[in-house]
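Please read the structure below before turning to the comments.
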Amino acid sequence: MLELSHVNMKFGGVNALSDMTFHVPERSLTGIIGPNGAGKTTIFNIISGVYTPTSGNIYFQGSDITPLRAYQIIRLGIARTFQNLRLFTRSSVLENVMTAAQNRYISSFREEIFSGSVTQTHSPDPSCWYNFWESCFHLGRWGKTERKLRETSLELLDRVGLADRADQAAGTLPYGMQRRLEIARALALSPKLLMLDEPAAGMNPEEVFELNDLITGIHRDFNLTILVIEHHMDLIMKICPHIICLNFGAKLAEGSGEEIQNNPEVLTAYLGSDEEGE
Amino acid sequence: MAFTFSTLIQQIINGLSLGSVYALIAVGYSLVYSILLFSNFAHGGFLVVGGYACYYLLTQWGYSVAVSMFGALIASGVAAVLTERLAYKPIRERTSMTLYLLIASMGVNIIIENLFVVTVGGRIRALPQNTFPTGIFNLWGGVTLSASDILSLVTAVIFLSLLQLFLNRTRWGLAIRAAACDIRTAGLMGVNVTFLISLVFFVAGVLAAVGGIFLSVRYSLYPQLGSITTKAFIAAVIGGLGSLPGAVVGSLILGLAEMLTAGFISSQMRDLVVYSLLVIMLLIRPAGFFGKEISEKI
Amino acid sequence: MKRNIILILIGLCLAFWPMGGYQEGIVILMCINCIAAMGVSILTGFTGIFTLGHAAYMALGAYTTAILTVRYGVHWFPAIIAGGLMAVLLAWLIGVPTLKLTGDYYAIASIGLGEAIRLILENWQSFTRGARGFPGIDPYTTRSTAVVIFVFLMIITFNFLQSRLGRELKASRDDATAASLMGFNTPRTRMKALVISAFFCGIAGSLLGGYMSFIQPSMFDMMKSTELTAVVVFGGLGSMSGTILGSAAITLIMEYFRDISQYRMLIYGLLLVIIMVFRPEGLLGSNEVWDLWGFLKKWRRKKNA
């Protein structure tokens, strides 16, 4: 479904990612782990188009998305959350989700007749769409669409346990709830690939436990591929059958939780070795 | 207008002279920007305070030129500090949004301008003829160099060097440079930030007063004189907001551009050229010649 | 729907309540100022783009309408629309390169652009009659015209803010990066906001020309642009009803002090500083009037319980 092929990313002279190659299969739940500064978030930024890689390619559902801009990539069906929360703080919780929900796109493959190549196109989901004049006069599809957006968004809020907070300003929610709101907002885009950037950061053990259930539940019910970044090993080990381990911008190991835990290189990276104590 | 070599030289001289006045204003503005990261539109007001203080000390109270100038610098510096304490400080303590500071600074500018309109009237005044040496030197081919040109260049160089010395050689200068990098960390390292900001405003006010006195000699003195600071802002932006060498370079470029346009195209096009220069610069390199590009962490 | 009916009723009152010529003038001026302020509010309050050059779009609207009606004998109504569209065209041309700028940089660029447009109008003697101004415009802006256009634009604005577009603008204001990662083409979002706001300002300028019968480039200088933005901040960034109330209030206050015109600007400056110091979030913060109604109800319920 998602494939990174020999991706390099340089900031100034620093190699944030070097020769990153991995594959995320359809419907999988993959975890990315690694110490701080290993380049985990950079991977998300590159996939979601915040940065364009210095070299290498990214393929999503078979098509090359490397040159696309962030909003184009999102419209293809990739959604993400942010490590340092980025909600629309002054809007209400419900509005946050509706803002994303109105941007549902239907992407499909289109065969270029003349060049013979296959490209991916996207067009707005007609059930979420109405035009400028309809919004100016609140006529036509406005009423029906707004009602539908509101219902879908409330359902998603209910799913993450925030339905009773719908009218509150998003910025005033407690930290853990803001994290869950981010997940609901990303889900509202009805993505095919959901990328969660440290969803458990700053949560207490009980909240992490609930989060486990939430993520596995979403994975089960929404027909999604999920990619999670975490540096809490235990969370990842518990929910992700497939794990990729990074260190210093390079892939260190890949495999099941057990394989990762028994990999000597991973242990060195996490626990430090004699030559380079961390 | 025909292109002649003597016009070119003449306009370069005029441009450098004008640019040096802009530089005095732009550096103060840039200094404030480097610390507080907002465009202080009240800067033009400080300049007017300086101009009027000098005028009244000279004509009404009959002090000597040196004393009047000194008094004007102090008055303008104090006005700047007062503005900071009364208007900006309460806002800074309440919010981190620089937009509010920016609007308040516009308010302060309007207040200062209209205080003078209300109290002394909008009449155009001129500093007495004998305030500064007025000789005109004829160079070759009809090119002239007036004493006030030389004086403004020399004064600008002196004051900017003093500022440089202050910033590089004194403890408070070091603190200001540290605060320009990161004011919060500077505060955590034990710098008295409140005093530091007042100091910066005082220095900016003093520099504005020098600019104000020269402008009122070159043109004349009226409450709206401060609007010329828009040009100094533009110079600071062209040079790179928050960068002092940038402000000087930008000012000289702007002064030259203005005078060369006046000399070779038409003096009505002067302002248009200035604003186009600004927009072009912002499009090519928004951070100016010396500014830092800021990138955001995601 | 209830809101629209109330707005229309207020509009009918403003338009047909019998009043003297002086009061009529104030109502017209209020409508014009509110239209321009709504335009700036869409850009500054709802999209977070701070502008100090929007008077230029008013100037463009005013001159387009004046030249069309006086020189070419066009009927005033299509000429007003043309004024708005001209502002839109220019906003689009300007927006393509400049909207990449953010923060203070766009504000400073907008000063430059605004002043440049004013200077062009001033120096293009053959077309605009330059700095002396453009006299002899038909006084087509009657009270009912101004009120009808104002109420119409107001209803449209409230409606589109409560729809896809409104959420899109607010998202890009609160966090442009997050907005683009929610599938919004943020440069286009910013462009939409600029173009709509320019349209409003263009219309306001056209109406102003018809009200004064005389326009002059100096009416649309940086001072006027600052005033527009200040009014929006005064009303509350992100509150359209606050913007309208604030703009109406400032118009009335300024009118009240007309006799002591010397002190007018002084008071205006003081007002700006005082608001920034004591209530920087403006009259209504980012709430609308009807939100306050909800707060009041909740508060009462709490008190009763």
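The letters A, B and C name the chains in turn, as written, and every chain counts its residues from 1.
Assume a residue touches a chain if its C-beta (ideal position, glycine included) is under 8 Å from a C-beta of that chain, and two chains touch if they have at least 3 such contacts.
Since this is a predicted model, take the numbers as computed values, not measurements.
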Name the chain whose C-alpha centroid is most distant from the C-alpha centroid of chain B. A
Quick one: which pair of chains has the most contacts? B-C
From the mean C-alpha coordinate of chain A to that of chain C, what's the distance rounded to whole Å? 40
Just the number, please: Cα centre separation of chain B and chain C in whole Å. 32
Between chain B and chain A, distance of the C-alpha-averaged centres to the nearest whole Å: 49
Enumerate the residues of chain C that touch no fewer than two other chains. 177
Residues of chain B whose C-beta touches two or more other chains: 298
Check each residue of chain A and list the ones that touch at least two other chains. 50, 82, 86
Interfacial residue positions of chain C with respect to chain B in the complex: 50, 97-98, 100-101, 104-105, 107-109, 111-113, 115-116, 119-120, 123, 177, 222, 226, 229-230, 233, 237, 262-263, 265-266, 268-273, 276-277, 280
Touch list for chain B against partner chain C, complex: 37-39, 87, 90-91, 94-95, 97-104, 106-111, 113-115, 117-118, 227, 230, 233-234, 237, 241, 268-269, 271-272, 275-276, 278-279, 282-283, 286, 296, 298
Considering only the defined contacts, which chain A positions touch chain C in the complex? 48, 50, 69-71, 74-75, 80, 82, 86-91, 95, 98-100, 102-103, 105, 129-130, 132, 134-138, 142, 146, 185, 189
Chain C to chain A touching residues, read off their complex: 1, 156, 159-160, 162-168, 170-171, 173-175, 177-186, 238, 286
